[in-house]
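In what follows, a single structure is set out as structure tokens and then discussed.
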Amino acid sequence: MNKYQLRVETGVMSFWKRYKGKPLGMIGLIIVIIYVFIAIFAPFLTPYSPKQILLADRIAAPLWFRYVIPKYNNAPQTVTIGFDSPLYEIKDMPVSHIIEYNYSAPKTFSLTFDCWVNAPFHSEAGFECLIKTPEGREYSLWGKSYSSDSDKQVVRIDSRDLGLKQRLGLTIFEDPASKIFSSRGDYSLIFRPNPGFGDTSTRLYISNVKLHIPGLVHGILGTDHMGSDLWTQLVYGTRISLVIGLSAAVISVAVGTAIGIICGYLGGVIDEFIMRAVDVFLAIPVLPILIILGAILGKSIWNIVILVSAFAWMNTARLVRSQTLSLRERIFIEAAKASGGSDIYIMSTHILPNVLPLVFASMVLLIPTAILTEASLSFLGFGDPRVATWGRMLHNARGFGAFTTLAWWWLVPPGLAITFLSLAFVFIGNTINEIFNPKYRERL
Amino acid sequence: MALLEVKDLKVYYKTLRGCVKAVDSVSLNIEKGRALGIAGESGCGKTSMAMAILRLLPVNGKVYGGLVMLDGVDILSMDDEEFRESVRWKRISMISQGAMNALNPVHTVGEQIIEAILTHEDVTRSEAVRRGNDLLEMVGIHPGRSKDYPHEFSGGMKQRIVIAMALSCNPDIVIADEPTTALDVMVQSQILKAIGDLRNALDLSLMLITHDLSIIAQTCDDIAVMYGGKIIEYGSVVNVYGNPKHPYSIGLLKSFPNIKAEKAPIISMPGSPPDLLSPPAGCKFHPRCPLAKGICLEKEPELAKVHPDNHRVACHNTDMLKKGTDIWNQ
Amino acid sequence: MESIEIIGGRGTIGCKKVILEVENLTKHFPLRRGIKGKLASNSTSTVKAVDGVSFSIMKGEFFGVVGESGCGKTTMGRTILRLLEPTKGKIVFKNTDLIALNTGQLKKIRTKMQIIYQDPYESMNPRLDVYRIISEPLRVQRIVKNLHDAFPYIKEVLEDVNMVPPEKYMTRYPYELSGGERQRVAIARALVLKPDFIVADEPVSMLDVSTRGGILNLMLKLSRERGVAFLYITHDLATARHVCHRIAVMYLGKIVEKGPTDDLVKHPLHPYTKALIEAVLVPDPKKRGFGEVLKGEIPSPIYPPSGCRLHPRCPIARDICKEVEPKLMPVDNNRMVACYFA
Amino acid sequence: MVYSRYLLKRLIYALMVLFIIITFNFIIFRLIPGDATKMIIDPKFTSEAKAELKREFGLHEPTHVQYIKYVGNMIKFDLGISFSTGRFVINELKERLPNTMVLFLTSFVLTVVIGISIGVYTASKQGTFSDGFVTGAGLFTYAVPAFWIQLLLLMLFGYYIPILPVHGTISAPQPYGLFLQILDRVHHLILPAGSNVIVGFGSWALYTRNTMLEALDQDYIVTAKAKGLKENIILRHHALRSVLPPIITLVFGALPGVVSGAVITETIFSWHGVGKYLTDAIMMQDYPAAQGAFYLIALAVVVCNFAADIIYGFVDPRIRIGEGGKE
Amino acid sequence: MRSKKFFLPIAICLILAVTYGTVTAGQAESEPYGPQINQIIMPIIKDLDAQLIAFMRGDIDVYPGLSRPSDLDTVKKNPNAEITMNYGFHMFYLCYNMRRDPLEADVFRQAVAHVIDRDNIIQTLFEGYMLPLSAFLPPSSSYYKDDVPSFPYDPEKAKKLLDEAGYTIDSATGIRIDPETGEPLRKITILTPTYEMAASSAELGKIIAEACQGINLPVEPEPMDFPVMVDKIDLREFDMYVLAWELNRLPTPLYHFFHSSEDFEAGYNNPGIRDPELDKVLEELYYAPNVEVAKKAADKAQVILAEKQPYTVLYSRPYMDVFRKDRVTGYVPMHGYGAANYNNNWTTLNIRPSEGTGGTIRWLLPEEPKVLNPCTASTAYEWEVLGRLYDGLMAVHPETMEDIPWMAKGWEIGTWEPEPGKTGTVITWYLEEGIKWQDTTAFTSKDIKFTIEYLRDNKVPNYIAMVEDVVKVETPNDYTAKVYFSTESYWHLYGADANFLPEWIWKDVKDYKTFEPWLEAHPEVPGLTKLVGHGPFILDQYKVGEYVRLKKNPIYWKLP
């Protein structure tokens, strides 16, 4: 088949017509559209913000594990119980509240309430706060005596508190939460005045009672080491990855194309010089230099974009240059010159449109490279510390115990997200190449 | 019995846009020691035919019918390995289109000649080297250069090397596909002369494929003119050149100015060769033929004998063509 | 310059107007050797593609330049149009010294001189349709303001090159045309500015044999009817003989022989011309035999032989040929040859 | 000889690159905001001590003097003294270099050899499966974050099924006996090198297959077939041999990327090598150390590229004999 | 007792942990004879996950300084793990730049102190395993005073304080108004390390900032790279920052941290407190002739500091050292240093396999020791190795934290007149006899003289503060050394107990900085390097990046 019989069609419509026929290209496009959708509507896809912490226990598993993995069948979701009445006035009878707890034992819990007493001077008003298990065991969590009126006090009881452990007769490495909530059924939260609470004028007021049991399963993807929602991080990471990938690719390809065309077309010393520079740039190991420059210039997203572009334009420049070189020798360029076309006219009317398909494809193929580079940087801890990216999720997973807790659900999703997005762009880029540049086969 | 006999050979290519009948029921013979020229414009199927004979068609091309008999043995139905061992190069060798590309740039030319010998013949390496050197000498290249790489030779020399290579296993038939296309006239002359000399010396059969009628006129005994995958005229060169019977052959001959004859107008045939994806019905030449009539549009003409000396033509209008009628006069 | 062409013996061949005069045209390419090479460049490492060529072309004349590949004929064609900058020499086109022109002036004069290329597939931007391809010169030269205005020009010129109906072809892309059609489009593009002079660089060598004649005849017709002068560059002496009024034979950047076509073909004087003619095969099995062709191949133009450049291959070379380069000398009124023994 | 001139040219070029890298190295580390020695200056240092320290690191001199000295030092491999340890950077690098070389060479050679072999094999066996396999493997290399795969493998074989070591190059303590020591090293190499191979071979396979297929379309392959050569001779002797030069260029061209990969691999598998040294040094803002490590890495790349040029010349006769194919 | 660099910003020595005495380990065996094992292999594992898995798999027997509280869950699953927890000399604090407005106002700082919910922070960030602090010395210190004025979590109180001081809330911005300018307060930032460097510190900064915002103070966290942060702190370009100190058992850091003479660029007085009364007390402390005076001064200083709040001290981190109780025994929990620290001689000497004696113990080293040169080694990881190669003149009692005789069987603290009218301290050491360097050379008072003069003359930075006041060292005989200081201070006792260097090796060392004694073979004794100490263990092998192997010193003077 004669190479000249290769049909080169122009026009968006005909391109689209042919693109439509490529299944991989369409899959890629659909995936990218899904990602873009996720990026745009991130706030609507998750109720949390990526920086919100303590949504559940640290490294909680995904909620749906309950239905899939037997081990998690009864794992608790985050339970926060606020008691109906805002204020209890307790005289001498205990107040108790039934808490229905139907999960397996949690790791921690906390209980907060405000309390104050109205007590005559030198009385021995006091009370304790306890939890009674379905079996009838009682655990006293807190207690205090007052010898006079008190100001309102915020009481915060936390299962991890060493004092509480001591109070419960546990060693410092034992865990009150799992001890107390070891069975299922109705627990009672009791505020019990001291025997001989005092004379009739003594009043104990308790308000804002809130029991919080962080869940061991949470959300779509569970939580990280700070109890922050992983799905939220994943969703917001999409934004960053797309922004970084697209802008780095656009910048570097624009630069590369301009340089490539100018070098290829004008040739001479400029070409020689820039191509040597390209060689030098290509000989520099990218990641180390990005790490160094990133450390020096600061770790903002835009610095990363610029740095990634600064080390990604060379291949485009080479490609465009070689294409331009061969185009320059093409007779139709000379024909345009023979008609009196100026250099700029020729570069813009004849060369640029002819390299554009190549450039476009290489731009699309650069996006995953940029995304991967950013992910690598973030993974190594050299990314922008202020934003949640997929690379950072992996960094955290590695640094904060995904391995030792075997929390594969923390490790797998960000990688998959990167992979699918990269694959999608590769599909699109290859399809564009197939349509526009069938002769051109780069090593993927 | 002819040395090589091609019978009703059909070679089709499957492409995305449809089936291309590159060679459509072609039959021809080559006798021992004779040279057959295949003439035709680009895309007429001449190269496909050669490739089919050597069983070197690209993946999408396939022989859909016909026989290729070498000494009465059908070589198309032969087992791959057997064909490779006993036919390729040993019986039929090839001088391919564009000698520049027929030599592997990363091996020395000597090596490339020797490996053919070593593959097919049970000789020692030194014997092969000696023969390689002889061959080079035969085509006019100093044997000392056998250690050089292809890019160190000029185009003409490379072509000579390819010829030497083609002769390395003493084949019966050499298929030369446009052996001089990329060469200058002067070198072309040299090469063709060399081929001719070797053919005489070695009593080779030759199938020479070219678009240039002058080359066939100068080197071949017989000629087959192909158009649109078919042979439309077949005969000895003397007959065909002297008395072409097909409008296409006539036009083609008239398109070649003869520098050594009186100046004659160059004619041009209107239109262009058929698109083999959707060839015209009937005679494939009819859209361009000045003589085309009703039957030409419907029925494909047979290749029929028009002269006792095995001159065959596929045209419905043979009888209308009297010698000297200037059908292409514009 | 309203001049009379004076050839060799200062005789006249007629009172035709000279449209182009080339004098001692030289084009050397420096070898690409990188920055370091450039710094230490010495004059010997250049490709002497065109080395002192002189001739002139009349209005309406078909002037052929024949030679093997590598003889510099293509370079010469481009240098004349100043698509390549000449190293030295003089090109006078319609009384204007082309070499002295600046970019703007050059652009203007390009309307009067055009080029047709060997490869019709390559000479058009594959991303443009016929209409745009042909209208490009008009737009570049600001003869029309926009694409739309170019319509009458394009219609006319397509008719001129026998592409009828023109509307059918205007919207096609090059890949939808056959080789012959493309070459017609190329001619149309060259013609649209109504030039006086066209360089035709092997315009038919890439075409199928059956369509060559049409293109040649079309060019002949144009030169006859419109008085367009052609510089016909080819390696094919047979077609050159068919169309040209005069032929110059080039070898290694030099013209070795020059003269009216028939004269030159029938009675070649220079051994090279002779060999060239001998080498042309004839499509006639009755006239078999390869004539005496020169041995070897054309040497590298980087290191051309001393003296007469043909001497290493020349059957009649003598000692003097190795040392002193023969000048292109007039033989008779119309012919010039560069050989001591011609 | 043409080849030697070619080599000289490539050598000059390599030196030029090296020089640029040295300069670059010099410049970027002077771009650091503030004083580079800040990290090591203990607050209780007196001002004389600080001045002394600056003298020690040569920071008291004017920039151009520093630069000249710097270039000289780099050539002499005097990479300065680490801020964080006070040791000569070159000594610290020397301790780590063998580890890096082992990991790097093993994984790179394996990746390339396996990749190319698969590419050659699938080129000869065209079919849906091999097509899909090679394309898939190529996509895998291109689109999947290598470090992620390494993390997954680490998690799988280090934690879920703890059969492979998760850090380091040898056991502590090293077993006695050479054979056991080698075995021990191999055991530690499996995960890092193996994961590199898994994520890396695909692109080689795909590229090799593509270029092989392209080469198999060449006229000289058709000629070779016509010559009746055996299939695998054509494949190896003609096709592979002629695509080797571009593959070799690519092999060495891939080095900078591989070095980048090594940085991550070393971090993930706590491999005590130069890459990890570099990241640690940057984390600690130990600039002489980072500079030294980077210089060593860049130098390795330059040397490898030069080696590539030499080898390229060997495999491509056009370079060795003349008519520079690479220009 | 070897006090090295006497205090380190925590992140420089990275996350080394040290201890307190609520101990569950095997009972303290104070029999000071050892070592009981033949060798210690210290695998270097930097990766926290890898450390944990190595312990869980049984690749290490001693896992000092579990640094992520979350790992406790995993460790607890191992029935053979014994966790010891000891509070150490760690102190995490929030520092205010008192040079800057509005932080110079006492009430402002006190208000901020009131909004910090230490308990909550400790529970959410540290699983409850930190010790909330309000005093200025860590509780392991014998100078710790716990009954200082405190500012417990009470946002209402904070609001009230501010309201009363005139910091009213601007209705437009919702930000409090600076009473001096009448304008809303400017933005105030809290510098924190990045999440990468120290996630909990970063989170802490965020929590404090949010708490401040809750009382209408415009405070925001600003995470940054640690070196940049240190730089800014040195240049006093900060409003507030959070960071930790790793202190020692002496109260002298109070002087460095808060004496006005230390308030210069890059000086230790980061908050920039200049309080004459405090200065006086601190000088008393710093130049105290004896423990009693020091104790009193330290108490006073802590009270003043608690009121002034130049720092708000937040918490102290415990040391959680984990042992495989099925494999090893004999470890001694200790105040201040934990059970596995190199300062804890008792563990070093007593630790032994659960069954029998001799054998090997695998002891995790969480960082590369890098420099095994006693003059330049600065990180705790280096001392984890070096500390076992050297021995001190004094030792610390594991329970009482008192100085007890060790290589010196006794000492005297006296005074002299370095010049007329001035008083200086003289420390006289009386050495045990028969102590030998590991290469069998005798350890004598000459070595003390040499070392102290060597460190002083070379201005070795790690020691110079300790020995710069040394005027001379006299060695009346091989077992007596008199060290003369030009100033009077009880603390010189610790200054004169450096890591002693064998004179015959070090006297030829030109540049102590580039000397790499562990890489040079000992000229006489095979199997030994030039890193010669007198401690219980000998450096046998250091495979960089992999492990350190120590073997028993067969001529250790305290062998059982």
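Labels A, B, C, D and E are assigned to the chains in the order they are written; within every chain, residues are numbered from 1.
Keep in mind that, in the parts below, a contact is a pair of C-beta atoms (placed from the backbone, for glycine too) under 8 Å apart; a residue touches a chain by one contact, two chains touch by 3 or more.
The model shown is predicted, which means the values in this text are computed figures rather than measured ones.
Counting hops only between chains that touch, chain B reaches chain C in a minimum of 1.
The central chain of the assembly on a C-alpha centroid basis is D. Chain C and chain D, compared by their mean Cα positions, are separated by 54 Å. Centre-to-centre spacing of chain B and chain E amounts to 93 Å, using the average Cα coordinate of each chain. Per-chain Cα centroids separate chain A from chain D by 31 Å. Chain B and chain D have Cα centroids separated by 53 Å. Chain contacts: chain D has residues 33, 158-159, 285 touching two or more partner chains. Touching two or more other chains at once are residues 49, 53, 225 of chain E. Residues of chain A in contact with two or more other chains: 295, 381, 398, 403-404.
Chain contact summary for the complex, chain B toward chain C: residues 41-42, 154-157, 184-190, 192-193, 196, 211-215, 217-218, 237-238, 241-242, 248, 251-261, 263, 265-270, 272-273, 288.
Of all residues in chain A, those touching chain E in their complex are 53-54, 58-59, 107-108, 110, 154, 156, 158-162, 171-173, 225-226, 295, 381, 385-386, 395, 398-401, 403-405. By the touch rule above, chain A contacts chain D in their complex via residues 276, 279-280, 282-289, 291-293, 295-297, 368, 372, 375-376, 379-382, 394, 397-398, 402-404, 406, 408, 411-412, 414-415, 418-419, 422-423, 425-426, 441, 443-444. Residue ranges of chain D in contact with chain E, taken from their complex: 33-34, 38-39, 41-45, 49, 81, 84-88, 91-92, 95-96, 99, 158-159, 162, 166-170, 172-174, 270, 272, 284-285. Looking at the complex, you find that chain C touches chain A at residues 34-35, 78, 81, 83, 103, 106-108, 110-111, 114-115, 117-119, 121-127, 136-137, 140-141, 173, 175, 186, 189, 193.
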